[in-house]
């Protein structure tokens, strides 16, 4: 029982971390109907920027405080992400208004390649460290009730809290502001949105900036977990079933999807894996998402796919 | 160059799609302040293209204006983005409705007010006005646009443009898919806005009959060229126009059943 | 061009495995430069060209094809990835280029009678696994103490990760310990489930067969689940600085088997490299990293290849450029005595190695080193993998390969050629 | 001026239905084929054939298969790597378990295994659409990665799960030399490309495209979505499976599941998008762009840098290669969102008008 | 009414159809019949449920209540494929063409139901498959001639102006050689002359192919001129049914739809 709870809890935590990456996908999809293939690259880029500035800033300023270094690095990396967003809009998206999803997807792929190259050129391709003071050692709960207690990872707990806060904030932003409505309009029909005066370019810069910040937070947390290195980009692949399960357009969906996928893959690996030789969690996550889709083809909270003649 | 009473001055524009398809071959037209100008012509004449060129929506169709100039109240506007044009009061109602499928009718209408800065109350007022124009929209306000009927979507598209409180509207086939009564109403609305709020209209219409009834001036476009223009009244009297666009060739109206042979439209040489 | 021996360098300095690939490549290239600085191989200079593979098999094959015929033909090739090794193994006999895989590749290719062109010199994964089991046994106080113990193998879910399994199963049968297999899907960024299973099963030891990000993630998860790092043993590809660097203190106590060498900043070789290359601004990569574990592995790999060429020259003519076939002979008749090693600057870094027609591996020695939070330190004596176990395993697996390919084992006469 | 169809009148619908209705095109294609079959093997270096042409030909074949599914039928697939893997391992099993089975039937049987697998994972497409479907195909991808690593039977109990083949021959003709491998792959490609072209311009191709463009309307005119989608999955995965088997047998010789990883799937999808969805030529352009361009960049960049007296490190080149490659993708999309094939045909159209601008 | 046309028995009978979406009642208890060879119009204000009615006949929507009898067989609801096989074709109000395909291919899809060669024959494209393709192509060319879109044969339909797209839509439906042809606002977005052409096409189809036609149209001139009988819907209810003259003078119809008398 204790072990089951532990697995469950572990799954929930991982799920929240997936959500954080998933969120980036959702934001950009919502605002432009584009599946942003560069999300993984953005996470890496942001994390690299953060890690390196946290190294460089104390060197430049001579101030040794970790809080200062990390805080300043976060701000600078955020600015870098804004610049990236602005450039992407200027150089790429602006020229692809009203094109099909596949074309835009491909463009984001080009962006992904570019960011991979640029990130490593600017910031190096080694392993770097983000040390924001996350506690690494385990704590044990309920050790009176269960033998050995239930192991909880504090780092995960903090990360999950940050993820939850971010999601709450974004949900609010989209629900309560007129921008939310404009975003959805843009995603539906670029040209019509333009025709009634919605400034596509500005909207896209805003959204990519927000997505950049989300990528930065995701990169910071995953980077502190894994070390900042190229493999961070592959986290995107694990977040994919989350996005799809939650619904491509739903911010809360990313969270719920994350929790379901997190729990599902951990339980399956732990309880089913041993019978078939293990290593099943990744495809199990996708199959799980698929099963949900068979019942709700638009994901749990996605907007209904419209097909009408 | 342009006199102050001219809102829109299109000067010899040429439009090419996809770098190879030449569609407009030097179209010029002038829309005076507070006027209603009709742009007439058969399928594929280039009406939609002209309107897109004015509102700068060609890029998304991979088209481009390669020659000529477009001026709005004396200012060159080829380089302005559509949203800047909307801020200057020029808005287009696109052909084929283009409602935002996932948004409700009301949200669709509200997006039209995106550029407005005159406060919630004013917007709510316009919304009521639009609902008054199209009561049907009010009853369907909470349904997603994709699940409304064709005519309802058309009303929504027109209403959405009106929400921006424009001073000049480009209407592309507003009557398409609307019941006769509503067509009548739409033109009444046009007249109404035109006289009460001095909104200028440029409308591309197939329903020539209606268009010439309400417009002050008309241009006839064929094959990417203006082949005739004139006061609406005089166009209505023109024999050719009568025959080809109004369906009242020569004597009386012919029954659609009795038009025995396919007619070839007279091709003007321009 | 005329008097140069060409060695292609397949490396990966980009992509997911760049942090590990880069120091290796630095060491490899630096050593080749060093040989030239020292006057070449009996006067024959080495020319080399680097090709970026990104640890991708198809890209590696492209590099191999691109470089194999350049500059008079490649003397030997070191594919530096298990996948590429498999593919190049099929091509090398046709192209007559020896494939040197120092510490990776297919373990059964130690059998030179079947794998004429493959040289897993200095150790295979079976050697590594065997050495680890011996080290664990020593800790427990003898092989017989392993009975009833639980050992978990956390491995990269790929042919690379699966290599040690046959040997470990053999050992498990012999000593009666329980072997638990826990695959981690590549690249291994998410291991929560694996470590939950570790926590549930509470094994006595965990063996880590990872690569790249998987290693540091495993160590972090071990820390997070409170598994003693002292009871973790990694393969030599999981025992270098990039694997523990960003875990820092969290990896303290973690052990890994070494492929003879560890981090050797004090060795003569390192001093030579620094003085002859880096001090003259001709070095590759950062100077501080010279002598780290993967750097040394790169240097050692290069050295073994170079010595193969040297040994070929001894038979086919000193000061001449060797063909691939001649180099193959040289690699097969390598005899690196202690004196030779000392001369090369590898004193204390490694033990003598000598290969033969039947034994392309040449040595089965390893050591354990342990991360003390700052650096890798040796913590065991030399361990020799048990021939009684490895030999038959190599033989039977190689025989199976030969049967599948309808190869006949080389005759003693062929060995002379 | 010289490239016109003027004066080339079609007197029968059959003539009008030809793949290349314009005479110049037919001549050009004929010359190209002669060049590819008869000249290239003599001119191309061993490296060019083994490292560039052979993979290019095989990957073009795979891209062709992906294009059937994604480009013609509109079903987004990220499982192409899996179909390649099933083709490769399937062919391997037939080839090794039935000694004496000739190569071509083994490849075809491998393709058929992929077909079955494709149909199985195509079933969700009856309900799930668009990007959401990508999840189903990714499930196929990760499942196949896992399956070939875990189920020993498929790899004939090889401990590491990596397998190899050798002694390939066709009608007694050994497929060993670079030229023979190249010609064999090229022949397979040409035959399959012709068959595919026939399919896509025939009734079934129209069904696929109809489903892609507007499935409700397609249903109303009597097209069965199930049949159309599953047949697209079947044909596509057959072609991809054969390509996978060729990739494994002819190009790699020995392989592990990672040779058909999700990266490969993504790359194939990119190829068909950048090449041009729903275009046979697009598959070739896309394959060339994605597989050949990076290699070329990798070799050309140092030379270019050399002109400016700069020396770039391998890392520098690798990173520059990524950036330039990404930049080129974006640039081509901006020039022509519908892919290189469209760019090509627009170019031809201009040529037709040349020297007049319109 | 031309003399060689004879209106026959009831071919399609719609009984008590009700359809609602959530709270929206699109159709309430609608019944009407269509006789062989007649031109039957459905009119009504926007959102009255006209298109929904066609969708029910077509098997795109499944009504909650009622049944549809086609050639003596009664169905609770139809299935799109079945309907197509029985010879019902349809055009769409919001153009539902296959945008990525050429005009020719779009119309050829209409023949697919009649093409019998299998996948392998098509791949080889030799003999029977080739002959079949050519045979159908000939038929389609007739339609292209008939609709006068020869010049655009190979153009992707997405690039055509709206009016021509409507014609292609009709062409695709005609290619099915339908017994019943359902037309949803085929003349929206056309000028008078084009409408005349279109009317002519429709009447010709009716005459030459002998197809029965169900027509939705907002242009009263057209409806009154070419239809034999008219159904009037309003808010999902039937408020009138009869010959154009009867309908024209029906009080309810005038109030709900016509406004002034036409």
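Each chain gets a letter, A, B, C, D and E, in the order it is written, and its residues are counted from 1.
As a convention for this text, a contact is a pair of C-beta atoms (placed from the backbone, for glycine too) under 8 Å apart; a residue touches a chain by one contact, two chains touch by 3 or more.
Molecules present, by chain and UniProt name: A, D = Branched-chain amino acid ABC transporter permease; B, E = ABC transporter ATP-binding protein.
These numbers come from a predicted model, not from an experiment.
> If you check the contacts of chain B and chain D, which chains show up for both?
Joint contacts, listed by label: A, E.
> Which pair, A-B or B-E, has more C-beta contacts?
The comparison resolves to B-E.
> Taking each chain's centre as the mean of its C-alpha atoms, which one lies nearest the mean of all protein C-alpha atoms here?
D
> Distance between chain A and chain E based on Cα centroids, please, to the nearest Å.
Those two chain centres are 49 Å apart.
> Roughly how many whole angstrom separate the Cα centroids of chain C and chain D?
Centres of chain C and chain D (C-alpha means) sit 36 Å apart.
> Go ahead and note the Å separation of the Cα centroids belonging to chain D and chain E.
Measuring from centre to centre gives 41 Å for this pair.
> Where in chain D do residues touch two or more other chains at once?
Within chain D, the residues that touch at least two other chains are 142, 145-146, 149-150, 214, 216-217, 220, 315, 318-319, 322, 337.
> Can you list every residue of chain B that touches 2 or more other chains, as numbers and ranges?
Expected reply: 21, 147.
> What parts of chain E, by residue number, touch at least two of the other chains?
Correct list: 60, 92-94, 96.
> Which stretch or stretches of chain D touch chain B in the complex?
Interface residues on the chain D side: 337, 346, 349-350, 353, 358.
> Report the residues of chain B in contact with chain A in the complex, numbered from low to high.
55, 57, 59-61, 81-87, 91-94, 98-103, 107-108, 110-112, 114-115, 144, 146-147, 160-161, 163-164
> Inside the complex, what are the residues of chain C that reach chain D?
11, 13-14, 22, 50-52, 54, 56-58, 61-62, 64-66, 68-69, 82-83, 86-87, 89-91, 94, 106, 157-160, 162-163, 165-166, 183, 185-186, 397, 404-406
> Which residues of chain D touch chain C in the complex?
Chain D residues touching chain C: 45-47, 50-52, 55, 96, 142, 145-146, 149-150, 156, 159-162, 164, 166-167, 176, 251-259, 263, 295, 298-299, 314-315, 317-319, 322.
> What residues of chain E sit close enough to touch chain B in their complex?
Residues 1, 21, 24, 44-48, 50-51, 93-95, 148, 159-164, 185, 188-197, 199-200, 203, 218-222, 225-226, 257-259, 262 of chain E touch chain B in their complex.
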